[in-house]
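One chain, chain A, appears in both complexes that follow, with chain B as partner in the first and chain C in the second.
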Partner chain A sequence: MKAYRAFFRIRFTAGLQYRAAAVAGIMTQFAWGFLSILLFSAFYKANPAAFPMEFSQLASYIWLQQALLAIFMPWYLDNEIFALIQSGSLAYELVRPLDVYNFWFVKNLALRLSRAVLRSFPILFVAALLPAPYGLTAPSGINAFLLFLGSAVLSFMLVVSFCMLVYIATIYTMSPLGIRVAALAATELLTGSIIPLPFFPDKVLAIVRLTPFAAMQDLPFRIYSGHVAGSEVWPALALQAFWLVLLFLLGRAWLAKGLRKVAIQGG
Partner chain B sequence: MIHLEGICKTFRVARRQAGFSQAVKALFRREYALVHALRDVSFSVSKGEMVGYIGPNGAGKSSTIKIMSGILTPDRGKCQINGLTPWEQRRRHAASIGVVFGQRSQLWWDVPVADSFLLLRDIYRMDKDTFKKSQDELVTLFQLSEIIQTPARQLSLGQRMRCEIAASLLHRPEILFLDEPTIGLDAVSKIAVRNFIKQINKERGTTVILTTHDMQDIEALTERIILIGKGRILKDGSLADLKKHCSSFKTLAVEYSEGDPVSDAYIANLPGLSLQSAVAGRAVFTLDTQTLSVSSAVTALSQRAELTDLTITGATAEEMVVSLYKEYQI
Partner chain C sequence: MRLYGKYMLILLKCQMQYKTSFILTAIGQFLSSFSAFLGIYFMMTRFNAVNGFTLEEVMLCFAAVLMAFSLAECFFRGFDTFSTIISNGEFDRILVRPRNEIFQVLASKMEFTRIGRLFQAVLVFCYAIPASGIHWTFDKIATLILMIVGGIGVFCGLFIIYAALCFFTTEGLEVMNILTDGGREFGKYPLSVYGKGILKFFTYAVPHALFQYYPLLYLTDRSDSKLYMLLPLLALGFLIPCLIIWKIGVRHYRSTGS
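Now for the complex of A and B:
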């Protein structure tokens, strides 16, 4: 544990150094958040009845999404891991008394958290000050807030377990390019990063809801605003936990298999 | 301590002929070639021994090191190191070995070397005192006090290699694997690195296995050498034996200002001395020391020409391998 903690610490502190990148990121996320909200408000004015959620719920959804981008975006991958697979430096990871899966997992958690810490608070703070219904509203209750936190932690780990599969696939394909493009295309849409999932057609949504992608950010955001509440919450959380365990175990087994047949690149 | 028996490892390599049409063909039907990296490799090393593992490129040196350090899984064969099978009990095994790959770096590029050391302390779960003692010892021995605060990317290759070796020794491993530790180093750094390795072996009793192309590494460091070629162990014995075996041939290069040893009839008819190549003022001979001693060859040459320079080199690792290839008909 100590070793993983040490890695978390060094990764986390290293990530905190990039202030200029954080400022640029915050600006981008603000611009993106404002544009999305303006766009949806035009839809809302045209036909409020066709809206699947309340406008304030949507605003909270978008602001949380923008503030926590670094935590929940599946395409935010660690280039160091790709580099060490491609260059063959993987050899040095394997001569350590560490579990490679856990090690990469912790590295990714730290990388994402350090980015999120710098970026999320300014965005959340300003979004909370915006006039209703355009800003971030308070969670629909203390209970909803706690459930949101629990679900967010599960989502965070689920996203990282998904990224682990992308890294592991690279051990087989050597080039991360194709996999990254494919993973990006699939997840951008299915996680609700482009259009919030409640806006999907009902029949499509019914299927998407069952995939791990719907559990990667859509669920905690909707729990926060009370769009999912009461007896609907627990089955959704159970499905989320199921996907997390499955992807985690799948990743571990696949990595173990990959490392057994690994050939270190470059002699 | 280390015991390998019948280790075999085969890699499957995709290959095709050059050219566009062949590339298209390979889309549908891919041809693979089996590369036998290791065939039936067996040897034992006892505690505190220093062994040189030599052979040409692609002979299987690195594969053997990778199998012994738990990175690669062999197709067949047994390997026991301290009672553990490296690829099965990788993590437990990893705690008691140190590995240096001369062509890669284990130091974190952007942070001072000391930070990398701290991280290694946590990876190997060392307590503060043990770590401090080990680090101080290595800093003194490898003379790192001036460079330990520098980020790894700003170190010269020689300085970095000293840090790399120190980094793999921090957790006091019983065994040290060095895969080409002197590659790319200048003469001074090479000598320094050799001295450090020697001292570690003496002071900590660390078992050392190193691979190299550099015959001088071997001569400076090891008593015992294992020679591998095309995946097979060709020779396992003392350096003296091997040298006796294949270093009766020496290369003798002379530079001269007067006289002409190249077209000299006396020299040309001297048994055991044959001309390899010559340019104006410089000639290179091959000397068979079993027929003609070094001193009589030198005497003969200096009688016929005014020598300004003279170098005699023994068999290099590559030449030894080549002569062993001939002998074993591989």
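Now for the complex of A and C:
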């Protein structure tokens, strides 16, 4: 456990070094969030009755999404891991007295967290200052906030366990391209990064809600603003935890199988 | 021009060496723009109209911008990865060759996998052109073509600026993505949707609206001013300041060595 903690610290501080990139990222994300909210406000004006949530709830959703991009976006993958699978350095990972799955898992957590720490606070701060209903509003209650935190942690780990499956698949296929393409295309729409999930047609939404993708960011954001509240929260959290455990166990088993007959590339 | 053709052939052959990778990337491009399309479709079926524009009209807008962007990305991609050309010293080699440096950067890279996006744009056109209820006279067809040509010009100009800034910073500036990728993402809808301020910005500061919003007004009979039809040509004028910035950048260039 100590080794993982030390490694987490190293990756985390290394990630904090890229400050100029963070400033650029903040500006991009801010502009992105701003334009998205203007777009939704045009739709709101067109037909307020068709809006599936309060406008302020949507604004919070968008700002949280932009601020926490590095934490919840499945496409944010660690190229180092792909490189070491392809180059054969995977052998070194196996020599270490550490569990490869846990090791990569921690590495990804640290990488994402260090990026998010630099970027999220300025965005959240400015978003909170914007006039209602366009800004980030306070969570709908202390209870909602705690549930949001819990659900966000689950989402974070769920996203990383999903990324682990992408890395592990690469051990089998050797080229990350195909897997990445498939993973990206599926997740972008289904996690709600193109439009928030509540805007999906009801029939489609009923199915999407059951997939692990709906638990990757949509759920915590909606808990935050109180769009899901009361008795609806617990079953959703249970489903989220179920997917996390399943993806985690699946990843571990698949990796163990892959490593048993791994072919190390030369070089 | 013949030389460009040769470059193109070589790059095409080169990318065809990795067929699976090529096909998968192209499919990925298609799927990602397909999910963007689904996003629009879900929104428009829920709300029926935005800012007075119907689904079919938004689709025309989406497809025109997507097509312009994917063509620009396919042929002017060299500028997009220009920071590597600077940082690995490749630009020194370009400067000593007896050819125009813009031409060489252009020809250094082409991304044919963008055919995936292009295909999506064509599909949307196939549906939206007949379904939009527009009476397709010669003017209207010309307007649509001008929109795409103007769009290619503007995106190309932005890529050039992006590259020219590398002369000063060595690194690429991520902020420019707001205007390039952002221009594609938010250009899915007519730019008036974002309010007057943003529309003005995209008219006078960066001319996205000149090839997108104004000609669309003419196309959908919201305006019968011939001027709106010809505005995409004015958007091409955006290339002039871009090239000036590029020239200043080249003069400013100091090799990074290695």
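What we mean here is this: the second predicted complex is superposed on the first by the 266 of 267 C-alpha atoms of A that agree within 3 Å, B and C clash if a C-alpha of one lies under 4 Å from a C-alpha of the other, contacts with A are read in each partner's own complex, and residues count from 1 in each chain.
In this section, contacts are C-beta pairs under 8 Å (C-beta built on N, C-alpha and C of every residue); 3 or more make two chains touch, one makes a residue touch a chain.
From a predicted model like this one, the values you see are computed outputs, not experimental measurements.
Trainee: Counting residues of chain A touched by each partner, does chain B or chain C come out ahead?
Mentor: When the residues of chain A touched by each partner are counted, C comes out ahead.
Trainee: In the overlay, answer first, second, both or neither for which of chain B and chain C A:F7 touches.
Mentor: First partner only.
Trainee: Which of the two partners, first being chain B and second being chain C, lies in contact with A:L146: first, second, both, or neither?
Mentor: neither
Trainee: By the touch definition at the top of the document, which applies to A:A128: first (chain B), second (chain C), both, or neither?
Mentor: Neither chain B nor chain C is touched by A:A128.
Trainee: Taking the superposition on A as described, I'd like to know which of chain B and chain C A:G88 touches: first, second, both or neither.
Mentor: first
Trainee: Does chain B (first) or chain C (second) touch A:L246, or do both, or does neither?
Mentor: In the superposed model, A:L246 contacts neither chain B nor chain C.
Trainee: With both complexes overlaid on chain A, does A:L38 touch chain B (first), chain C (second), both or neither?
Mentor: second
Trainee: Can you list the chain B residues touching chain A in their complex?
Mentor: The contact residues of chain B facing chain A are 11, 57, 62, 66, 69-73, 87, 90-92, 94-95, 97, 99, 101, 103-106, 110-111, 115, 118-119, 122-125.
Trainee: Which stretch or stretches of chain A touch chain B in the complex?
Mentor: 2-3, 5-7, 10, 14, 87-89, 91-92, 94-99, 260-264, 266-267
Trainee: Using the touch definition up top, name the residues of chain C that touch chain A in the complex.
Mentor: 20-21, 24-25, 27-28, 31-32, 34-36, 38-39, 42-43, 45-51, 171, 173-175, 177-178, 182, 185-186, 189, 193-195, 198
Trainee: What part of chain A is in contact with chain C in the complex they form?
Mentor: These residues of chain A touch chain C: 20-21, 24-25, 27-28, 31-32, 35, 38-39, 42-43, 45-47, 50, 52, 175, 177-178, 180-182, 184-185, 188-189, 194-195, 199-201, 204.
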